[in-house]
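In this document, chain identifiers A, B, C, D, E and F correspond to the written order of the chains, with residue numbering beginning at 1 in each.
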Amino acid sequence: MRFGFLLTSGCESQDVYTVTKLARAALGQGHEVKMFIMGNGVHLLVDHPKNAWAEGWKAFLADGAEIACCGSSCEPRGVVRECLLPGVLFGSQYDHAEIVSWSDRYLVFG
Amino acid sequence: MRFGFLLTSGCESQDVYTVTKLARAALGQGHEVKMFIMGNGVHLLVDHPKNAWAEGWKAFLADGAEIACCGSSCEPRGVVRECLLPGVLFGSQYDHAEIVSWSDRYLVFG
Amino acid sequence: MKSLHVIRDPNERLGLEIASRESGQGRVSLLLIQDAVLTRLTLDGLAVYALADDLEARGVKGHARSVDYDEAVRLMVDHDKVVVW
Amino acid sequence: MKSLHVIRDPNERLGLEIASRESGQGRVSLLLIQDAVLTRLTLDGLAVYALADDLEARGVKGHARSVDYDEAVRLMVDHDKVVVW
Amino acid sequence: MILIRRAPIGSERAAEALRVAVGQTLASQRVAVIFIDDGVWAATALNPKAVQGGDFAKPIQTLTMLEQRLIADADSMAQREVRGVVSGVEVRPRGEVLDLVHGADVVIPY
Amino acid sequence: MILIRRAPIGSERAAEALRVAVGQTLASQRVAVIFIDDGVWAATALNPKAVQGGDFAKPIQTLTMLEQRLIADADSMAQREVRGVVSGVEVRPRGEVLDLVHGADVVIPY
């Protein structure tokens, strides 16, 4: 089954933790996972040494999950394409729409 | 009179706009202004070309206001001292406590 | 048609209103997660689950059936529609 | 002792509860800002102000006395204590 | 289906929800936007520029032109004494609105 | 005076409020922490590590050792069927709690 996730909150919320755990469980059961990240959530995708979630995202990408984020959310936040974790798509709401229509279950956190 | 501001929200909220306007009015009336910024608010202090608030902060500093932020909020968010706008203090809750006790009016937004 | 409503906020109203309305038309389940596990929420005729980690983190037992992440994912598969509030 | 309560959220409860309680003991004013200007809030015996920019942004007139940022700062100076909710 | 449940402008969430709604049409999907609870205020005539807020009129116009449904809950309006909504937004009783949510494949609560 | 009004863990705000409270003591200030409304849950025995959440026990212990007042609203507790709070936190009726807020010079609502 295809699991899509939308994450719009940043490290101020437990959402990133819950999404990570659910997505990991879904992958473990053989489901496919795609994530779209926007709003404050885009800060969580920045490649910096103190990013507590970086290893988790990398492991998802390694396990075949796709992660895209919203360029329009990144821009005013100073998150440029080059500072994202490798493998994360600097995308748009078009990518979001594709993920929504791809998903069998679409889970929104934010 | 001494006006202190606490800002804990980022660009997802109107708070930064309201704080900016009130602080500007206070300075215009000859009051002193100090600000402490923590939580998601620290992202607003990053020196990057798309930061809509950068000029505002610079103008406050030029007009004698003090701006400090919480290092503990910065760290997990990947906001290092070097990426802050020049003149912003990379501080701690000690600085926050100093600002609270310094203030005649302490206004909390977040 | 079976639907699963995932509730995160102890003050969520709209999600419960819709769950309650739907329960007249088909099977509806609730999955309480995050701070919503703090509430002693019950709706007539609805199965109520709660995430084990979230119960443990908040030191509450609650009346809901405790599920881990694997079981939560299985619930999402078993229901035809999932809404996270 | 005059206190000014600045309300940002149309669903703010605690700030109003405290303002209402204080109004028995001294002069209390409310300043509605941001989304709180959308509410038709009145509390007996309290002066109610609203930020002009926020009223304009939301296309509402309201019953409150409209003030600009300069006047808002002057209100803060004139009251002995200010709490932003 | 996108649910707008919170007041506009003070937080960017309502504006973000409309951006998501417009985005969903890019993958040639039908999308409906529901204004409910405090979200009904987002369907009224706003002037967010007065506080540097994001635009509401344009995404609503775009969705209307694309013949997507925009629906405000009459009961939420009555409770808040909201008397009118902008052109393109239908007003329906709460029961009907909730049934639409019930019938939607994907629900994105904002 | 710091008011904790929201549930712990799901959002980092309650933990952040306690961090601010501890910080206030650094400038040798008296600080009081009020647990009220959903905030009373932050005064109960928690185990945030189960979801990688910030610690509550340590700041509460620190404040207790420094003889700062920590007060939970009995009415908020009763409404939520919260039966006990952690050691160091006093339980007082709502009227008394509101009078304390009224008497405080600085109020930082979280």
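Going forward, contacts are C-beta pairs under 8 Å (C-beta built on N, C-alpha and C of every residue); 3 or more make two chains touch, one makes a residue touch a chain.
What you see is a predicted model, and the numbers here were worked out from it, not measured in a lab.
Once the contact rule is applied, which chains count as partners of both chain A and chain D?
The common neighbours are B, E, F.
Which one of the chains is farthest from chain A, going by Cα centres?
Farthest chain from chain A, going by C-alpha centroids: D.
So what's the Cα centroid distance for chain A and chain F, whole Å?
Spacing between the chain centres: roughly 33 Å.
Find the geometric centre of each of chain E and chain F from their Cα atoms only, then give the gap between the two centres in Å, rounded to an integer.
37
Centroid of chain C to centroid of chain E, CA atoms only: how many Å?
26
Hunt down the residues of chain B that sit against at least two other chains at once, touch-wise.
Those would be 11-12, 14, 18, 39, 52, 106, 108.
Mind pulling the residue numbers of chain E that touch at least two other chains?
Those would be 9-13, 51, 53, 107, 109.
Where in chain C do residues touch two or more of the other chains?
8, 34, 53, 83-84
Let me make sure I understand the interfaces: which chain pairs count as touching?
Touching chain pairs, listed by label, come out as A-B, A-C, A-E, A-F, B-D, B-E, B-F, C-E, C-F, D-E, D-F.
Give the list of chain A residues in touch with chain C in this complex.
It comes out as residues 1, 3, 14-15, 18, 21-22, 24-26, 28-29, 31, 105-109.
What residues on chain C touch chain F, complex-wise?
8-11, 34-35, 38-40, 53-54, 56-59
Which residues, counting only chain F, touch chain B once they are in their complex?
Against chain B, the touching part of chain F is residues 12, 16, 19-20, 22-27, 29, 106-110.
Which residues of chain C touch chain A in their complex?
6, 8, 33-34, 51, 53, 68-70, 72-74, 76-77, 82-84
Applying the document's contact rule, which stretches of chain E touch chain B when the two form their complex?
Touch list, chain E to chain B: 9-13, 51-53.
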